[in-house]
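Written out below as C-alpha cells is the structure these notes cover.
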Amino acid sequence: MSVVGLLCIPFSAAFILLLPWPRKIMRFIFMAGGMLTAASGWTLVFGSHFQPRIFSLGGNLMLDSLSAVFVLLIVTIGVLSNIYASGYLFREGPAELSLGRLRRYAFFFHLFLFTMLVTVLSNNLGLMWIAIEATTLASAFLVNVDDKKSSIEAAWKYLILCTVGIALALFGVILVYYSIASRLPAGEGSDFLQWSFLVDKAAVLDPQIIKLAFIFVLVGYGTKMGLAPFHSWLPDAHSQAPGPVSALLSGVLLSCASVSLLRFHILTKAATGSAFSNDLLILFGIFSVAVAVPFIWEQADYKRVLAYSSVEHMGLVAVGFGFGGLWGIYGALLHVVNHALTKSLLFFCSGHLLYQFQTKEIKKVQGIFRKDPFLGSIFFFAVLAVAGMPPFSIFLSEFFILTAGFLAKKFLVCAILLGLLALIFAGFLRQGSHMTFGAYSGGAPLRERNVLMDGVLAVGIIVIFVMGFYIPGPLHELIRQASLLAGGNTP
Amino acid sequence: MEFLLFGQIVFYLAGAILPFILKDGGVINRWTHISAIAGGLIGVVYSLAVLVTGQGFSFAAPGLPFVGNLSLVVDPLSAFFIFVISFLSVPATIFAIRYIQEFQDKKRIAFLGFFYNLFILAMILVVCVHNAFYFLVFWEIMSLASYFLVVFEHEKIQARRAGIIYLVMTHIGTAFIAASFWLLAGHAGSFAFADFHLQAATLPPALKNAIFWTVLIGFGTKAGIIPLHIWLPEAHPQAPSHVSALMSGVMIKTAVYALIRFFLSFVGEVPLWWGVVILSLAIISAVLGILYALMERDLKRLLAFSSIENIGIILLGFGMTLIFVATDKPAYASFALIATLFHVLNHASFKGLLFLGAGAVLSKTHTGNAEELGGLIKRMPWTAVCFLTGAVAISALPPLNGFVSKWMIFCSLLSAHQSQELAVRFFTPILAALLGFAGALAATCFVKAFGICFLGEPRSEQARHAVEVSPSMQWAMGLLAGSCLGFALLAPWIVSILQKVSGTLIEADTPIPNFTFNGLFITLADFGQISPLVFGWMLSGAILILFAALAIFANRKVMLAPSWACGLPGLTARMQYTATGYSKPIRRIFSFLYQPTRQVELEDEGHEILRTAQRFESKTTHVFDEWIYRPLAKCMLFVSKKAKLMQTGHIQLYLSYIFITLIVLLVYWSRL
Amino acid sequence: MTKFLLLFFQWLLLVALAPSVSWFIKRMKAASQNRRGPTLVQVYADLIKLFPKEMVVSQTASWIFHVMPFILLASTFVVAALVPVLWTDSFLGFTGDIIVFVYLLGLGRFFLALAALDTGTTFGGMGSSREMALSSLGELALLLAFFSLGVYAHAFSFAGIMTHFAAHGPMEVLFFTNLAFGAILIVTLAETARIPVDNPATHLELTMIHEAMILEYSGKYLALIEWSHQIKQLVFLSLLANLFLPWGIFNVPTTTALGWSVLVYLVKIFFLAFVVGWIEIHSAKLRLFRVPDLFAIAFVLAILSLLGQLMFRG
Amino acid sequence: MSSESIVHLVHFLGMLLLITSLGIIASPLLSACIRFYAMHSFLLSLITLAIAYNHHLWHLGISALLTFLLKVIAIPQIFFAISRKIGVRKEVESYINIPSSLFLAVILIFVSFYVTAGAKTGSALSSWEFLPIAIATVFLGMLVMTTRKKAITQVLGLLLMENGLFLMGITMTFGMPLLVELGILFDVLVGIIMMGIFIFKIRSAFEGIDVDDMTVLKG
C-alpha cells in the first residue's frame, strides 16, 4: 500500500458518492469507503516496518513515524465515525435526512478524511497549509448538515475564524521560505519548503525570522488546533455538528493541526536552539486549560462541555510539546491518541443522547443510567476518563506529560496545571453526575436500538480502558520513534 | 505464598464479574458475596502468615513503558494492612448478603456486587503495590469504586451531592499525591518504591519539605483530617452500611499506610517539625471531629465524624513516631508506631461493628435519625449488645481494645517528657490531655448514640415495629464484637507481632530494651504496664462477686412501675430527652465553634395563651463548610459566570482576541 | 504475702471508710445550719437498710438498668485498688497509672449515663446529658493536672509521683504543685457532685445532675450506687492527700509506721473533707452554664503548673 | 527601465497599497470598499509584475496574471453580484465610526513598523521593506473584520489580509514554488465561493447578513 494509494481511496470514494445512488446503496458505499480507507491506512502504517521515512510525489508527501501515528488516528477514528454515522445519519424514519443532504454529507465526509490525511502526510509546508485550509472548507459543510440557524452560525464562525487563523499561518510559512531562500542559492528551490530538508538545514536558518514565523504559525495553527484564546469557534462548531462529525472534528482535526504545529516546533527548536517555542507552547497550553475551566463548570449544553474539554486537552498536548523530552513528547502524542479515542467516544454518546432525549440541554437530561444503563454507564465512564481518572487511558498520558514537567523542573507550571485539572474534574463530575444519575422523569420513550451505534460505543470504552493499562507494542514503538524524531532523545 | 495473593485477587475479580454472568438477583447476591468472603479469608491467612513469620514475598509483572514493573510486595507493613482489610471485609460481606436482599432489583445488586469486589481488591492492591504509577491507578480505582458505592442510591440528591464532593476532594488529594511521587521520582529516577527508598538519604531538604506537604495534603484528604475532611461525613453515610464500614474502617487507613510508607521509608532523615505539624493537625481532627460528631442526629453521620476523631488519634501516634525518629529514639518511635498500628486495627474492628449495627437499625427501621428511634434494645437485643460493645470500645473504656491502643498512644505522648525540646516537653502533656478530652467527648457521643437509639421508648412507629435482624447479620456483628474483646485480651501478643512490622521500618540497632510485651503485660519502662486481661478478670470478678453477694443477701423482689414523671400521669415517648437536647450542654459550651442558631415559632389564635403550635428549629454551623468550602465553590461559580462573558457570540470579539494576541506576540518578538 | 495483705488492707480501708467521709461533710453542713446532723452509724445504716428492700423498677427499663450498678461499683472497686492509701504502692500497683484511673471512672460513668436514659424519662436524660458534658471538661483538667505532676516527677503513676514528692521537702514541691492541686480540687468537687457544681441534697429535679440520673433507682441498686459514689469521693480525697501531701506515708515495714500512717492519712482525709465541706457551706450552686467557667479555671491552673515547672526547671 | 528605478517604483506602489487599504477603511459605502479592494489587488499585481520583470522570474508573471484575473476582476464581480442579489444596504455598518477606525488604523500601521524595525537582515535576494507594509495590510484586514457588522464586509477584510500575505510572499521571497502558489490561489477561490454560499444561507435563515444577529451560540 503506497501513500498515494491511501489518499486515492477517500478521494475517489467522495466523488463516487456524488452520483445519484439510492439511500441503501449510498450507505453501503459510504461504509465501504470508510472501511477501505481504514484497512489501507493500517496496512500502510504497519506494513512499512517503521522505516524512518517514505517519500512520494517528489518528496512532497512523507510517511515518517510521526505522520504514521496520525494516519493511524485519522483512519481509526474515521472508521468509527463512519460506522456510527451509518447508523446515526442514515437512519430511516420520520426525522430522516433528505437524500440530497445525505449525499452532501457523504461527499464531504470522505473529502474531509482525504484532506486530513494529506495534512499529516505532507512534507511540503505549503502543501500542508493548503491541506489544512482545505480541511476547514470540507468540514464547514459537515458542521452545517441540517441548515438550521444555529448550525449556519457555527459554520460561519468556523469558516471565518479558521480562515483568518490559517491565513496568518501562511505568513509563517512564507517567512520560513524566506529564511531558507535568503540563505541558500535558488537552485534547490523545489526542496525549500520541504520539512525534512528544512530540518536538515536548520543550522543555516535565521533564528530571528524563524521565531517570527513560529509566532505566526502558533497563532494560525493554534486557531485550528483550538488553543485559547483562538479557540472561540470551537465550541460552536463542535456543538452544532452531528455527533460523528464532532467526533472527527474534536478527535482528529485538532490533532492534525497539532502535528503541524509540532513540525514547526521541531523546526524552530532545531533552528534557534532555544526554548522560545517551548515557552510559548507551555504558555498557551496552560492558558487553554485555564480557559476551559469556567466554561466546563457553568455550561448549559453538554456538547459544548465536550468542546471546551477539547480546548483543555489540546492545551495539555501543547504543554507536553513544550515540556519536551522523551516523556513530554511521548506523553503528548499518546495524549493526542487517547484524547481522540475518548473524545470521539463522548461525542458518539452525545449522538445517542440527542437521539434519546431530543435535547442538548444538560438541565433536561437526567437519569440516563435509569433510562438506558448501557448508555449511562459508558457515558459516565467516558466522562470520568476524559476528566483524567484512571484506569482510563487519558490518565496515563497526563501522567507522562506531568512527569515531563517535573523532570524539566517546571514545578510552578505543573502545580498550576494540577490545580486546573482538578477544577476541570470537579466541573465534569458535576455535570456528568447530574446527567447520569437521578431518577428518570418521563419524557420521550426509549428509542429503538441501533447495533452499529451501540457497537461503536462498546468498542470505544473497551479501547480506552485497555489503553489505560496497556499500550500495544507496535503503537508504543511508533510513538516512541515519533517522539525521538521530535527531539525527545534529548532530556 | 504468591499463589494466595493471586487467589485473593482472582476471587475478587470473580466476584466483580459474576454479576454480569449470572441471571437471578438472589443468585448474584449470594455468589458475588461468597466470592468476596473467600477472598477475605485467603487474605487473612497469608497476611497472618507473613506477620507471624516476618517473611514477606514479592512479585513483579512487566508493566507499561517507562513507568516500570508492576511489582507487588507483601512486606510486614503491607501484610498488616492486608490483614486489616481482609479481616474487616469478611464480616462486612457476611452482613451484606442479607442486608442488600431488599434490593432484589437485579441491576442494582449487580452494580453493588461489581463495585464492592472491585473496591476491596483495589484497597488490597494499594497497600501492596510498590510502584508509584500503579499505586496511583489503584488508589483512584479504590476511590472510584467507593464513589459508585456512595452514589448507589443515586435517586437521592444527597447521595449524588456527597458523591461529587467525595470524588472531587479525593481527586484533589490524588493530585497532591501524584505531585509528591513526581518529586520523588525526579530525584530517584524511577517510579519504583525500592528506588525511592535507596535514594532517600540523598534527598535535598527543600525537596523533602515539598514532599512532606504534598504527601500530607494528599493523603490527609483521604484520611479525612480536618480541614480536609468535608467529604467524609457526606460520603460515608450515603453508602450502604457494610460499605460504610469498610470505608470508615479501612479505606481511610490506606492513607495512614501511605503516610507511614512515605515518612519512614522514602525520605531519609525526618525533621522534628514534621512531627509537630502532624501532631497539631491530629489533635485538631481528634477534638473537632468528635465535637462535630456530638451534634449529629443521624447515626451514620455521627459515626463518620467519629472516624475523623479516630484518624486524629492514629495520627497522634504517628506524629509521635516521627518526633521520636527525628530525635533519634528508635525504641520509643517503634512503640509509638506499634500504638498507631494497633489503633488502626482496633478502629477497624469497632468502627466496622458500629456501622454494621447502624446498618442493622437502618434495615429494620428505615431511618438513621436518632430522633425517630428508641427502645430498640428490647426489639433488637443482639444488635443492641453488639452496638454497645462497639460503643464501649470506641469510647476507649477498659477492658476492650480501644482502651489498650489508646493507652499506648497516651504513653507515647507522655514519654516525650524527657525530650530536649522545651516545646515538645510542654505540648505533649497538653496533647495527651486533649486526647483524653476527646475520649471523654467520644464517651458522651456514644452514650447519646446508644442511649437515644436503643434505650427508652420508641419515638416512631418504625422503631416500635422493628424486629431483630437475620442470623447471618447477627453473626457478622457478633464476630466483630468478639474481636473487640479478643484484640484486647490478646493485646500483648498482637503487639509483639506489630513489633515485627515496626522493626522493618525503624532501625533500632539493639533489640528494644525499654518495653516488653511478654505474657500478660504490655510494659513501657518509665510508665509501668497494663494488662487488659487482668483488668478483664478484675472487673468481671468484682461484678460476679457483687452479683452473687446481692443474690444471696439482698431482697430479690422487684416491682414493675411506670417511670417517674414528677407525679404527673401519662409519660409519653415524646417527653424523653432527644438527641438534640442531649448535646445541648456541649452546644452551649462550645457555641463559639458551632455558631448555633435557633428559631422558635409560635402560632396562636389571637391570644398568647391559646397556642396552637410551637415549632423549634436549631441549627449548628460547620465552620469549615461555611467559611472555607462554600465560599470557594461560590467564588468558583461566580468567576465562571463572569468568565463566560469572554464568549458572547460576537465573531468580531473572537477575531479581536486573535488580533490582540498576535500584536502582543509581535511586540514580544521585537523586544527579544 | 504480707505485702499483698497490706495492700488488700488499704483497699479495704478505703472502701469501708468511704461513707464516713460523707457523714463528716453532712455533719459539718448540719452544724452550720444549727442542726444536729446524722451520726456516724446512721450513714452506714442508711446503706444497709436499702438491701432488704423491695425494688421498684421502671417498666421501660432494660437489662442496662440492671447491670449498671454492678459495673459502676465494680469499676469503682478497681479504681480504689489503684490508689495508694497508706503506702506508696497500691493493690493493682502494677498498673498504677493515671490513665487507667481516669478511664475506669469513665467506664462507670458511661453505664451510669446509659442507665439514666434507659427508663425513658425526661430527668434521666437531663442528668445524663449534663453529667457527660461536664465530666468531659473535668477530665481534660484532671488529666492535664495529673500529667503536669507526672512531668515534674518524671513518672506517670501515682506511686511514682508520690515517691518523688515524698523525697523532697514540702516547700520545694508546693511551689509547683499548688496550682495542680487547685485544678484537681475543682474536678473533685465536680466528680463528687458537690456544690458549687451539683447539689447532692436537692429535691428539685430540674437542677439535678447526679441525682437526676439515679432517680429511678431504689433498693439494693441504689445502695450500690450510693456506695460507689462515696468510694469515688474518698478516692479523690485520698489522691489529693497522697499526691500533694505525701509526707508521713508508710514506707518502713514496721507496725508503728503503719499505725502512724493510718493516723496521718485520717487526718489528711478529714482535713480535706473539711475543706470540701467548707466550700459547700460558703458557696452557692452555680448556674449550669457557669460551671464550664470553673473548669476553665481548673484547666488554666493545670497548664500554669505545667508551664511553671518547665520554666523553672529548664 | 533600470532595475534601480523599478525598485523605486515598487516602493512607490507599496505606499499606494497602504493608502488603498486605508481607503477601504475610510469608505462609507460598500461599493466603494469593493472598488478599493479591486484597486488594491491591481496594485498588488503590478508589484508582482514589476518584480517578475526585474528578476526575470517568469512564474511570477503567471502569478500576476492570475491575481489580476481573480482578484481584480472575478472577486469584485462576485461581490457586486452578491450584494445586488441579497439587496444589502449600501452603507457599511460599523461598530466604530470612520475617524476612529482611521485612527486605529494609523496606530496599527505604526505598530507594524515598530515591531519589524529591530530585525532587519536584508539580503541580496529579497527586501525587508515590505514586511511592515505586509503586516500592516494584514492588521488592517483584521481591523475591517473586527469592526464591521456585515458578513460581506468581513469577507472583504479577509481578502485584504490575503493580499497582505500575498504581498509578503511576492516581495520577500519572490514567490513560492508555483504549485504551492496555485494551490493557495485555488484555496482562496474556493473559500470565497463557500463564503458566498454561506452568505446566502445566512440571509435566508436570519433575514439579513448582520453578524450581530448571529449570537445564539455563546458561553
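By written order: A, B, C and D. Residues from 1 in each chain.
Heads up, the rule we're going with is that a contact is a pair of C-beta atoms (placed from the backbone, for glycine too) under 8 Å apart; a residue touches a chain by one contact, two chains touch by 3 or more.
Only a predicted model underlies this, so the values are computations on that prediction, with no experimental measurement involved.
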More contacts between chains, B-D or A-D: A-D
Interchain centroid distance [CA atoms averaged], chain A/chain C, Å: 78
Distance from chain D to chain A - Cα centre to Cα centre, in angstrom: 31
Rounded Å distance between chain B and chain D, as computed from the means of their C-alpha atoms: 69
Distance between the centres, which are taken as Cα means, of chain C and chain B, whole angstrom: 35
Junction residues of chain C, two or more chains touched: none
Per-residue multi-chain contacts in chain D, two or more chains: 119, 142, 145, 154, 211, 214, 216-217, 219
Interface hub residues of chain B, defined as touching at least two other chains: 644, 647, 651, 653, 655, 658, 666, 669
Chain pairs that touch, as defined at the top of this document: A-B, A-D, B-C, B-D
Contact set on chain A toward chain B in their complex: 156-157, 160-161, 164-165, 168, 208, 211-212, 215-216, 218-219, 223, 229-230, 232-233, 235, 276, 280, 291, 293-295, 297-298, 326-327, 330, 369-370, 373, 384, 389-391, 395-396, 399-400, 402-403, 405-407, 409, 411, 414-415, 418-419, 421-423, 425-426, 429-430, 433-434, 436-439, 468-471, 476, 480
Of all residues in chain A, those that touch chain D in their complex: 124, 126-127, 129-130, 133-134, 137, 140-141, 144, 147-150, 152-157, 159-160, 163-164, 167-168, 170-171, 173-175, 177-178, 181-183, 186, 189-190, 192-193, 206, 208-209, 212, 235-236, 239-240, 295, 298-300, 304
Chain A partner contacts - residues on chain B that touch it in the complex: 64-67, 107, 133, 136-137, 140-141, 144, 151, 154-155, 157, 160, 163-164, 167-168, 171-172, 175-176, 178-179, 182-183, 185-186, 210, 636-637, 639-644, 646-647, 651, 653-655, 657-658, 661-662, 665-666, 669, 672
Parts of chain B lying in touch with chain C, wherever the complex brings them together: 374-375, 377-378, 384, 388, 392, 395-398, 403, 407, 410-411, 414, 417-418, 422, 425-426, 429-430, 432-434, 436-437, 439-441, 443-444, 446-448, 450-452, 455-457, 521, 526-531, 534-535, 538-540, 542-543, 546-547, 550, 553-555, 557-566, 571, 573, 575-577, 581-586, 588-589
List of chain D residues in touch with chain A within their complex: 119, 121, 123, 125-126, 134, 138, 142, 145, 151, 154-155, 158, 161-162, 165, 168-169, 172-174, 176-177, 179-180, 183-184, 186-187, 190-191, 194-195, 198, 201-202, 205-206, 211, 214, 216-217, 219
